[in-house]
């Protein structure tokens, strides 16, 4: 098993796990459940991008991964500041 | 690439996949928002950190390793903060924590 | 900290503010990096400008939208958006004035040296597209957050 | 098509259907963010990192937050049910459209979805071969930049980019006018 195969296999497993977490994003009874699920999905995406950067030998994927890691945080903070009761963002 | 480094990469990848799997199971199976936020912040951060550490090792001493290291640092800063924000929002909204005997939500 | 009966304003969390203080300067630097390095790696004016706009979103969500709007200022956003269009147009019209076609960068070689095409592209990517996109994204966010004003610019 | 590609295609399709079906607007926005995560990964996997970066910056960051601020200022419809009822004619139409589109892209070599030998664009035998080959070969000597995408956007198709930039500016001005604001507040 070469290193490239190992990284690609890990990426495939992480995508399957992401699909599983999607269940919580769609079903989640409260908004916070959905935000948590999307946050986990975002972390998985970042990790998959980093893995593909090594496996496909293109360092530019790391740029995208870095952008994603930062925007994922923004998304979670923004949605959690949207309070459902008042329907407002402070 | 020497044998020790290759072995370390495989171990880190296996550990990362294991912890990410645990966090996915937790997010799907745990009963309420707070427990899910807990698994999302801790287990998922650890899993992602281990896999990115494997990526850092695979790059070795190239210049690209700086981006991978930054990724590691920012995952460790942003992920728990996001979970904190979500948990706080759930508390502000008045969602009761799950206790033993309650129905699963 | 109970208060489940009454709706209180969302008080600021020290943890989020600290994290944003750490992360925001880095996002700004990274947006500038993507903008300036767009010629040799993925990215360019559009993506970099969007990231620079996102910095303001981050600050707004951590420190409140109204203070951030006052801190950024209406003038900066107008200057970025309108100034970007002006830079783009003047780079394009400059080649027309030199007797060429619109955006024919090669005509700048007497002034900028043999790399004139590269410098011309950098000018419209950095001074044009990135400025327009970042200014408009900030403006859209603050405008939407401020909401509809009935007449004469007053809040409803 | 590799395992990663298939799994990702499934992910994108599930999120797209869920976004269309969810009744709660906020939930749909959150799932749409997940959709854009998958889409950015997809573009990156197809070796289009510029598009992937755009999708990451705009789709995940800006769109989600602008939509969020918009529903904060308007209303958020509430409902007891999680999913909307399926509109049968519309669903049939969408499925038919997707089927037609799938037939038209039959010329894309799908086995090259992920792999070392994937040509960047315009593989031998495809209609785009001569054009893309020309850009990829002569970009550096003609413009002095190494990223062919930036070269095409800013030099070869500079006038189109000028139009796009002005459209973005016009969108900002239009929002100012629609919201009855006197300035970029």
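To keep things simple, chains are lettered A, B, C and D as they appear, and every chain counts its residues starting from 1.
Note that a contact is a pair of C-beta atoms (placed from the backbone, for glycine too) under 8 Å apart; a residue touches a chain by one contact, two chains touch by 3 or more.
The structure displayed is predicted, hence computed values, not measured ones.
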Larger contact count among A-D and C-D belongs to C-D
Expressed in whole Å, how far the mean CA point of chain A lies from that of chain D is 17
Per the C-alpha centroid definition, the whole-Å distance linking chain C and chain D comes out as 21
Note: chain D sits from chain B at a C-alpha centroid distance in Å of 27
In whole angstrom, the CA-centroid distance of chain B from chain C equals 32
Chain D residues touching 2+ other chains are 49, 52-53, 57, 61, 65, 69, 72
Residue ranges of chain B touching at least 2 other chains are 74, 78, 81, 85, 88, 92
The positions of chain C in contact with two or more other chains are 10, 16, 19, 23, 26, 34, 41-43, 47, 51, 54, 57, 145
Those chain pairs meeting the touch criterion are A-B, A-C, A-D, B-C, C-D
Note: in the complex, chain A contacts chain C through residues 60, 63-64, 66-67, 70-71, 73-74, 77-78, 81, 83, 85-86, 89-90
Chain B contacts chain A in the complex at 1, 6, 9-10, 13, 16-17, 20-21, 23-24, 27-28, 33, 36-37, 40, 44-45, 47-48, 51-52, 55, 58-59, 64, 67-68, 70-71, 74-75, 78-79, 81-83, 85-90, 92-93, 95, 105
Chain D residues touching chain A in their complex are 2-4, 7-8, 10-11, 14-15, 18, 22, 26-27, 29-31, 33-34, 37-38, 40-41, 44-45, 47, 49, 52-53, 56-57, 60-61, 64-65, 68-69, 71-72, 75-76, 82, 114, 116
As the complex stands, chain A meets chain D at residues 8, 11-12, 15-16, 18-19, 22, 25-28, 31, 34-35, 37-38, 41-42, 45, 48-49, 52, 56, 58, 60-61, 63-64, 67-68, 71-72, 74-75, 78-79, 82, 84, 87-89
Contacts from chain A onto chain B in the complex sit at residues 3, 6-7, 10, 13-14, 17, 20-21, 23-24, 29-30, 32-33, 35-37, 39-40, 43-44, 46-47, 50-51, 53-54, 59, 62-63, 65-66, 69-70, 72-73, 76-77, 80-81, 83-85
